[in-house]
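What follows is a set of structures to go through.
One chain, chain A, links the two complexes that follow: it is found with chain B in the first and with chain C in the second.
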Partner chain A sequence: MKVFKLIIRNAMRHRLRTFLTVLGLALAVMAFGLIRTLVDAWYAGARIAPPDRLVTRHAVSFTFTLPLAYLEQIQKIDGVSAVTPAVWFGGIYIDPKNFFGNFAVDPVTYLDMYKEIIVQPEELKEVLADRRGAIVGRRLADRFGWKVGDKVPLIGTIYPGNWEFTIRAIYHGRDKDTDETAFLFRFDYLDEVMRETAPGRAGQAGWFGVKINDANRAAEIGAAIDSRFKNSWAETKTETEKEFVLGFIQMADVLIAGLRIISYLIIGVILLVLVNTMVMTARERISENAFLRVLGFRNFHLIGLILGESLAMACAGGIAGMGLLAMTSRLVGQALSIYLPGYYVGLETYVIVVAAAVIVGCLASIFPIQRAVSIKIIDGLRVVD
Partner chain B sequence: MADIIVTARNLSKSYYRESLEIPVLHNINLDIPNGQFLALMGPSGSGKTTLLNLLAGIDQPTTGTLTVAGEEMSRLSDRELARWRARHIGFVFQFYNLMPVLTAYENVELPLLLTHLSKKERRQHVETALGIVGLSDRMRHYPRQLSGGQEQRVAIARAIVSDPTLILADEPTGDLDKQSAEEIMTLLSRLNAEFKKTIIMVTHDPRAAEKAGLVRHLDKGELDG
Partner chain C sequence: MIPLGYTIRNILKHKVTTTMTILGVSLVVFVFAAAQMLSYGLKSTLVSTGSDDNAIVIRKSSQSEVQSIILRDQGQIVGTSPEIARAADGSALYTNEIYVLINQPKRATGELANIVVRGVTPKSLELRPAVKLIAGRMWQDAGSEVIAGKSAAERYAGCGLGEKLRFGAREWTVVGVFDAQGSGFDSELWGDVVQIADVFRRPIYSSVTFRMADTTQFEAMKARLENDRRMEVDVFREKEYYAAQSRTLAGFIGIGGTIVSIIFSLGAIVGAMITMYASVANRVREIGTLRSLGFSRLAILISFLIEAMAISLTGGLLGIVGASFLGMLQVATTNWDTFSQIAFNFRLSTAIVIAAVVFALVMGLVGGFLPAVRAARLKIVDSLRAA
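Let's turn to the complex of A and B:
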């Protein structure tokens, strides 16, 4: 007979209670993991942003545009290796609830800079051959059942009118975190239409993506870009792509902080569930533990049995919870894919769950252990189960 | 003359409830030779179980000295006492104290887990002990699948499996019907007669005491004669 066997049998002594405890732990672990993954997904864009990419936008607000002519001037600044223009189009596909990000970009320079967006060369050729050609993310295409060749009408909001694009390429992400829900179309097409319909809005970019030679010089190069346009009618603000993304995320800081607090509270709930079970266990086993000491078993034996039982339940709950988490996170990820394309459970979350299970298992055993080893044997033997 | 296995001199034990002293044993002097089957009788509250607990090293006397199996108990630390108990004491309780999650075999094997015996050696010991108590065919049964008499026989097998110096039995027939009690007493008598085990048994059942070689009476914490 092995000690491990005794631990498992002890844990299974009250099957219903153990089942409910493990289920409670599993649900709490799942909830913790889902919330933590949500927070992670929120920061996914910032996490994957490489340090050698900057974003230059209008100094006042992201909603103001910059002259397209800035592109050449930025390109001339020391340390800049590439520049690409982009603008938020804000088009609606049939209904506002069908929200997805749509941008006008220069396909060649944009894809050259954002290498995490993978487009097949032959499809890119098709995009370059069609001024209304669009590149859509794999997930976005899946969401609406789009395929190459399909026509996609967008109702303009920032750029009024009914716009129609033809899907010429479907991109996929190089990494798990890459957003595959964007709709990209040709900047020159938007600019051309603007020249015809609203000449005052032509030749404007929403922001410039800037690739630099040396990530360590990001601050210096950013300052050089901004100083180049200082005192102009459209001053710029240049920051790393990570800072740029974090700037958006900060708008939801309070929400994220709240989610973090809830996730920690869930760990507390896990602890209380297990402590409750272990306290009941300790009370029931007082005489049994005393008897083991009569036989010659020592405190460390009892500590091993109680700690082992607590850890066994905590780990069972943790493993079951990770299983539930893996299943539910797919569903949640699909539901949130429009807003949080990077929603998937990372290895770090699983590691945290395992660590939390081990820590909770240890903490929950403290009181039962203290009770088992501190009671006098004769007092323990007097207790009737 | 047989070796003396238990020597108690001026042994007293008192419990304290707040500041109130409750004397339980008073000035006990006792010599028990090896191979003796002693029955301790007395009314409830006379101190029988307390004396047994002192002999088992699970309680400490207030005054006096107690030497069991060559060790003066007061000189042993808790750690040494645990080791000493595992080596020298086999304990049989009124309510068997079997682990409900373990089979008869595993319950009997429990004290051997504290030894350096191999799995094979442990199996031999357990099978022998269960054979002695007549439960070879119940090895895989859990306590809930056994009668009270059978449970107590498993407890006796567990008490003898490590071949202890001393078997202490606290009301071993107290929870049994007449026939089962008879079987248990026959078994203890056999252990004493056939295997020369020293047994100290607390009981207030005169029929059980009849099986013992010597009967001593405790009354209000004092031992007769």
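Let's turn to the complex of A and C:
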């Protein structure tokens, strides 16, 4: 018990320095946590994709469309329970800066497959009654202050012209991670306009969402779909929804790699701050430690004292950092919510922080311990700082 | 003013402490500089893709060639514009191109990436004099042959010289490799426009690029083409068009990198503060002596600030030197404006060096300020009495 008291007393000798060290560690832990959470949030879309949903798209790349007639053929394949067409519209709302995802979908079959998108039945009726009706996510509606009944103009990039839609429904996500920033409108409307203006582009879907009976057969069913269209002029590539989403997430591969590297460098900064403080402490206590040894304290006592102090500061920094992280991540999550849903700190991040604090605490004490133990008592007593 | 020699000897006295602080600052500056270099590298690669003399026509509001569709007769209309420069043989210097994305696995990881296949004409090469064949030969029409940019050849399966890849229900052979001087074309595959359009059943063009006879007449020509009722197009200077393709990703990396660096810097600033407080605490008597010799409070304040900033400047320079080695690294990623792969280098500029140095100095100033104030506020009597 005495040893613990001594550790605390030692740490409190330079209150300001200890406070600053703990603060420095806490800030770095917070930065580490915020960055890791950002990477996690980026992957949220892939994390939540259920295993019984596949996506069938053109084999060449997602910029090519598939004939709508494929829908019925996919439907017939053994193990497939539902198919729904969708297309990436890529429209711009006033300015490219206002980016959000906008898709043409078949509302009934789409909502039936993507159960995490919740639309009130009476609102859905309104969408079905209006060819230009749109369903928008709650967060997207909040972002631009849209209400049901508002008209939203989109400038077509892939499908030329100025398009106008009327918001008929606002959807909510079933889960915390559900993307509530999408803009959905009627596939049959897009197709109709194409038939009139560019007949060559009518009857085409960007991809098909495919629901299967048995998630364990995903690979097999995917292969069956692809072989059905093998050697046709529009070959398909079927993958799980998770893989499909990952393909898009990979577009930020460099940023994600960069953030990962930075998060490790931050641990390096934590280490540097703590080593700095521990080195100062060791320097000040050279003669004191020599006295302790004269009094009969053994090396392991000194090691315990130094290691204990280092660990105590590391853990205090880690705990304070987690507190800061819990507070700031909520703010950051709110600020990012219109772009990146699912920004919240995972348990894993907290575990890593604790582990990192313990490891850093041990590492930072190595140099001071080595110094304290290796010096001869007589030299230690002789030191005047 | 207290002599600089005094400050510097103080910095050198506690080597371990000084080193830790310098390393902390250098890590932050390294991250800051690396992010800016990445952003700048992407920007310069795309800027160098376009030429000042050329203009590019894409469909109105389509933003990029990926989404653009120019009907064939519209391509011919643009091609007959009087503003187009003439080649030595009198033909108009313009090219209709088609831009298609295909999935090919990366050699390194096997992950699928979107690669550009550009269907071009012989005039395309005349319009981009930087593009030079460095291995193999040109494709032959109707031969199912393509040539690959040197980054594409290196990075993606099936794109190296002599290798085969499959797209559009046909097997293609890479018969040549070209060097486009580090521009965006280095990440593309080029083949004959007629063949490429055929196999993808896209009887259209994505863009028309031409050499302007008189670049000063650009605005007038732009207005004329954009108001032509036979088509709906946007006309850009080629250089501006490509520069705009870097906007989203380069902006994101630049701004995101700065925000992360600032959050990151808090830890290093606190580290500098600890060092400087210790530096003050160790020298209380010295400070008293200096004061009694007649040095003012301001002189003490400045001396400690200089000490802090000298440490952070050293850290900053170390960080910049470290980051400059990244210049040897090439990165390939998806450009968000075109959805296609682009390879580019980390690239250092004077502006980045200056920004990084300023960043480091600010860190030293912020970290050193409170300790310097404490030093300056010490009373002579108290400090001389200190143990």
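Operating definition for what follows: the second predicted complex is superposed on the first by the 315 of 385 C-alpha atoms of A that agree within 3 Å, B and C clash if a C-alpha of one lies under 4 Å from a C-alpha of the other, contacts with A are read in each partner's own complex, and residues count from 1 in each chain.
Here is the rule we use: a contact is a pair of C-beta atoms (placed from the backbone, for glycine too) under 8 Å apart; a residue touches a chain by one contact, two chains touch by 3 or more.
Quick caveat, the model's predicted, so the values are computed rather than measured.
Asker: Just checking: does A:215 make contact with chain B only, chain C only, both, or neither of them? Give me first, second, both or neither.
Answerer: A:215 sits against neither chain B nor chain C.
Asker: After lining up the shared chain so the two structures overlap, which partner does A:13 touch, if you call chain B first and chain C second: first, second, both or neither?
Answerer: The answer is first: A:13 touches chain B but not chain C.
Asker: With both complexes superposed on chain A, which partner does A:21 reach: first (chain B), second (chain C), both or neither?
Answerer: second
Asker: Give one of first, second, both or neither to describe whether A:258 is in contact with chain B, with chain C, with both, or with none.
Answerer: So A:258 only meets chain C here.
Asker: As a test of reading the superposition: which chain, chain B or chain C, is in touch with more residues of chain A?
Answerer: C
Asker: Who does A:288 touch here: chain B (first), chain C (second), both, or neither?
Answerer: A:288 sits against chain B, while chain C stays out of touch.
Asker: Is A:355 touching the first partner chain B, the second partner chain C, both, or neither of them?
Answerer: The answer is neither, since A:355 touches no partner chain.
Asker: Along chain A, where are the residues that touch chain B in the complex?
Answerer: 1, 3, 6, 9-10, 12-13, 287-288, 291-298, 376-378, 381
Asker: In the complex formed with chain C, which residues of chain A make contact?
Answerer: It comes out as residues 14, 16-17, 20-21, 23-25, 27-28, 30-31, 34-35, 59-64, 90, 92, 96, 155-158, 160, 231, 233, 235, 237, 247, 250-255, 258-259, 262, 265-266, 268-270, 272-273, 275-277, 279-280, 283, 367, 385.
Asker: For chain C, which residues are in contact with chain A within the complex?
Answerer: That would be residues 14, 16-17, 20-21, 23-24, 27-28, 30-31, 34-35, 38, 59-63, 66-67, 69, 100-103, 111-112, 114, 167-169, 200-201, 232, 252-253, 256-257, 260, 263-264, 266-268, 270-271, 273-275, 277-278, 281-282, 331, 333-334, 336, 339 of chain C.
Asker: List the residues on chain B that touch chain A in their complex, please.
Answerer: These residues of chain B touch chain A: 53, 56, 58-59, 79, 82-83, 85-87, 89, 91, 93, 97, 99-102, 106, 109-111, 113-114.
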